[in-house]
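If you scroll down you'll find the structure; I have some questions about it.
Letters A, B, C and D mark the chains as written, and numbering starts fresh at 1 in each.
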Amino acid sequence: MADDPEWAAPSLELLEEYYRKLCNWGRWGPEDERGTANLITPEKVREAAALVRRGVGFSLQLPMDASGPQRGGLGRVNPIHQMMATGTDHVAGKQDFPNGLGYADDSLFLVLQGGTQWDALSHIFRDGQMYNGYGADLVDSSGARRNGVENIPTLVTRGVLLDLPRVVGRDHLRPGEAIDADLLDAACAHQRVTVADGDALLIRTGDMARRRTLVGWDGYAGGDAPGLSLLAMPWLHRHGVSAVATDTWGVEVRPNEISGTFQPLHLIMIVSMGLLVGEIWQLDELAEDCAADGVYEFMLVAPPLVIPGAVGAPSNPQAIK
Amino acid sequence: MADDPEWAAPSLELLEEYYRKLCNWGRWGPEDERGTANLITPEKVREAAALVRRGVGFSLQLPMDASGPQRGGLGRVNPIHQMMATGTDHVAGKQDFPNGLGYADDSLFLVLQGGTQWDALSHIFRDGQMYNGYGADLVDSSGARRNGVENIPTLVTRGVLLDLPRVVGRDHLRPGEAIDADLLDAACAHQRVTVADGDALLIRTGDMARRRTLVGWDGYAGGDAPGLSLLAMPWLHRHGVSAVATDTWGVEVRPNEISGTFQPLHLIMIVSMGLLVGEIWQLDELAEDCAADGVYEFMLVAPPLVIPGAVGAPSNPQAIK
Amino acid sequence: MADDPEWAAPSLELLEEYYRKLCNWGRWGPEDERGTANLITPEKVREAAALVRRGVGFSLQLPMDASGPQRGGLGRVNPIHQMMATGTDHVAGKQDFPNGLGYADDSLFLVLQGGTQWDALSHIFRDGQMYNGYGADLVDSSGARRNGVENIPTLVTRGVLLDLPRVVGRDHLRPGEAIDADLLDAACAHQRVTVADGDALLIRTGDMARRRTLVGWDGYAGGDAPGLSLLAMPWLHRHGVSAVATDTWGVEVRPNEISGTFQPLHLIMIVSMGLLVGEIWQLDELAEDCAADGVYEFMLVAPPLVIPGAVGAPSNPQAIK
Amino acid sequence: MADDPEWAAPSLELLEEYYRKLCNWGRWGPEDERGTANLITPEKVREAAALVRRGVGFSLQLPMDASGPQRGGLGRVNPIHQMMATGTDHVAGKQDFPNGLGYADDSLFLVLQGGTQWDALSHIFRDGQMYNGYGADLVDSSGARRNGVENIPTLVTRGVLLDLPRVVGRDHLRPGEAIDADLLDAACAHQRVTVADGDALLIRTGDMARRRTLVGWDGYAGGDAPGLSLLAMPWLHRHGVSAVATDTWGVEVRPNEISGTFQPLHLIMIVSMGLLVGEIWQLDELAEDCAADGVYEFMLVAPPLVIPGAVGAPSNPQAIK
């Protein structure tokens, strides 16, 4: 396999080669709808739990509200939170309950992939098919009849954070900076951590922190960003990761490496590999803690909301150390 | 304290007595917005993780879709899942991406307390105040400025399931059947489990299973149901539970025990105690497993979505054994 | 043409015959997206205005709120009205404006065909095509690129009400009662009114009044109802009506006349004729007035909301006499 | 009354004077919820109809979609149009109907005052009250129990367009340019049109055209704009207009004339006068036509959608000449 960064360079040919060679269709049976989540074994769950040493948890979810990163691209807008009953109604005597009781209630409209979220395996198609060979036409206006996010009702595994800005000695990777296998290996070595079958790989690029603290959200959704290189794909496959998540909008480096493509690694990761892909994760607080105690592995509990037929779903991922 | 079921009977006087005596206002400082979540210590998190023995996880979330239990009461409707891009668009050649790529995207409108969810401490008021003495007017149309659900970004603790139908030898508790301290004690004894400081108590009444398999959802939201008795309130306080969740709409027994009241225990649990209350949890699969292996304790990881200013939020709670 | 009710009976063959013979594809050019709205001439608009004799207006819109007729069929729910700012917030001092000013604001989620509405010509397809031969694939998740409702930004014409319950001497037509050409002729004669090129024909069956006052909305959306017969199709074509609207969910008689079909007249009316079809109109108040003054013609101003790409849109139709 | 622009200048004192003197509370009875709509008599409706001479209609609605002017201020976002069923589903064989039938369906989420719309008399409060003295607390999270937009189910009257850019000989009025009584009089004289009791006054500033063709929507909602001066308030009252609408976001000149105020004329127009205020109207096409034929009066049919309890509602206003 052309997995040697000394020899390979991103190209359409290599994209096709990886698309074919890293393919997991049929690996877990012709009816499989869970993809690499199958790599998470009970043993792995126990191993994850054993990583809880201090008893501290971290939320990896970006707070979900109107201040979020969406700017309308692909029709995606920020969440709309609306009150249905309020304390001001209660105070004004507008609620008719006994014993002094009042209540508040609320609703939310959200684009399911607008914030911290998992792509379902029905999120991406290629030439009329999705992961495991199911027809793309199985995703119509009523939702996904195959590969919906409800196939992953639980998600508990060992998580590993690769905090790349700290590895390379900068505040953040640059937009357009590609993360290849060498950098992943260097990060593992620098952080003295290994990645093994069933692990979830969390990659911090620092791009979210840069946006939140320095330049604002404009350009975050769909704009230039650091991210995975095509040359990292075999690495993900070889290490048997069950999931990969980043603090960026789309995991892949942008501008995309190969001229004329659009998010081409999604074809390999989601369609071919059936890999769980997490986007817009908030990894900064966890990274601070890992830098402080030098421990970059943890129990990750990150189930998506169970929304039947959804092609993506929000999560409040918990890293527990 | 009138915590002896031989002597006490539910009454307005007892409601007021418990409201005063079980109060946690100020217990964790004048600025506290987390209530009984403060009872969850790092030691408790480690204890929870140590309960992961087999490496199996259970989702306690009711799937979130149009088939849910809401019937319009309090303006609450079932979630509305809508596609923004589909595989049929891709198949019809309506998406203009290179390399054969296509995608699907979707949105969700949900009433935040319409399905499996946590009440925030800003959900209930009494006489113009909410938990810890904050003014109810701090919850206006822009959301909760105090006691919002975002104060609980992580939630990891030991969970204990009390599977009451199996304790009493019936398929389900009856609507109107009140769960008092005696029944809780009997369940603990029957299941050989104890409940201690910081634990989350999950109470299965069988009502959800009855609705889903026998009678349908009509009457689930706001109708008659088994649930907690006023006489169980001191028990919850004495055992130091950080959270209580049930498979019913409102945790409390309905019709409410005291004539002329409406969800009066919410006043004690949420306003006075600052207790995390979970509703519409799906406990049946977990209960089957607990009955099979005889183990009713587990690691519970059940963070709400982080929605700033929300007075409640959905969760996909994970019980890990 | 088989337009003689003495000879014809509803059948698949007649459906196909009418589908072919009543076809308006190409009649107003190959690029037309307005269908029978083309029949409304400036002269017709002036004629309509001349019908304003008393100076009274009637709203034909069913109030749009949670009490509406939708029960979830086809995913259609009633409108959801939510406040974004309230007077109770203002009273509680939560709005920070000078000079004592406060404000309220609100939002609405609505299924566009859930209440009083016009079907756009992109609402119905047959065998991959819609009105005027446009491909059905032009209506994808981004909306209708052809035949969208925005092609009818104005709608002013002469309206004629046929108040069938009063014609037949009953409170309402019965569910399943078909309205054929004979009945339409009888109504015109009874009411001493004629229908001519460009007119909008409003047909009151009494079904909405029956639902609202007697039996409730269950079964209104998609259930049995009085409505147009296949045998009335040539009548509509021959009289050159620009639009037809009823007080029912779907204009056609239900159960549909021809076994094994579903809303077959929509194929003729919308796909073949390009006829504007209005549904769920509230005609009772207008009917009362017409019965009182004996005048069943009026100026109708009933534009849909201009929503680009929408396949239907609400309207507050005004009948002005 | 201080209605002489030679003498008066905008000030807080004058604001208060006009607020008192122009007040219509009680004018149409203590239970009135229609305000200046009461000025529209049957005679006025007949007069309006008589203005239909050529038989042409104009939509004054800005198309309602994601390209609209909202930028998130006051929580207002552009409409969200979503498909519920599509032609691509039909083409892909995903709809199970007989006879080749397929369908499309859609939904809309809209902020009711986000586009072309009428303010309801419950939109604005002062010191705890709204028009006609009703308590602001009557507008809570369940909507407006008084002065809701449903009180104006029909709206037919004579409309007069004042096309100010053409009057002053420029493409558009400038942001911050105030429209006083002198300018209104000059426009009437220039256009040879009078304004009388019950008329709707449509004022074109050219600001929308400037935004749409030159500078984009940024700054339209809530930013600087030409608009009415405090000095025009007595003019509106004296001429007995039933409604005033502009092509701007908020009718009033912005920055507001009096330092430290926010939309102060809303207090006079809506709270005190009970005047119907229309915003974000699209007047350009109508203005072109009026310039061409020299006729600035027309029949206006502009009912809001009937949404019970709403504090504003969209309309597709029709000007018919």
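Here is the rule we use: contacts are C-beta pairs under 8 Å (C-beta built on N, C-alpha and C of every residue); 3 or more make two chains touch, one makes a residue touch a chain.
Everything numeric in this text was worked out from a predicted model, so none of it was measured.
The chains that touch chain B as well as chain D are A, C.
A rotation of 180 degrees, rounded to a multiple of 5, brings the CA atoms of chain B into register with those of chain C.
Two chain pairs, A-B and A-D, are compared here, and A-B has more C-beta pairs in contact (counted per touch definition above). Measuring from the averaged C-alpha position of chain A to that of chain D gives a distance of 46 Å.
Annotation: 46 Å between the Cα-based centres of chain A and chain C. Averaged Cα coordinates give chain A a centre that lies 27 Å from the centre of chain B.
Counting partners per residue, chain C has 75, 80, 83-86, 88-89, 91-92, 94, 107, 109, 137, 140-142 as the residues that reach two or more other chains. Chain A meets chain C in the complex at residues 75, 82-84, 86, 88-89, 91-92, 94, 107, 109, 141-142. Here chain C touches chain D in the complex through residues 12, 15, 41-46, 48-50, 52-59, 61-65, 74-76, 79, 81, 83-88, 90-91, 97-113, 122-128, 130, 135-144, 150, 153-156, 260-264, 266-267, 299, 301, 303-312, 314-316, 318, 320, going by the rule given at the top.
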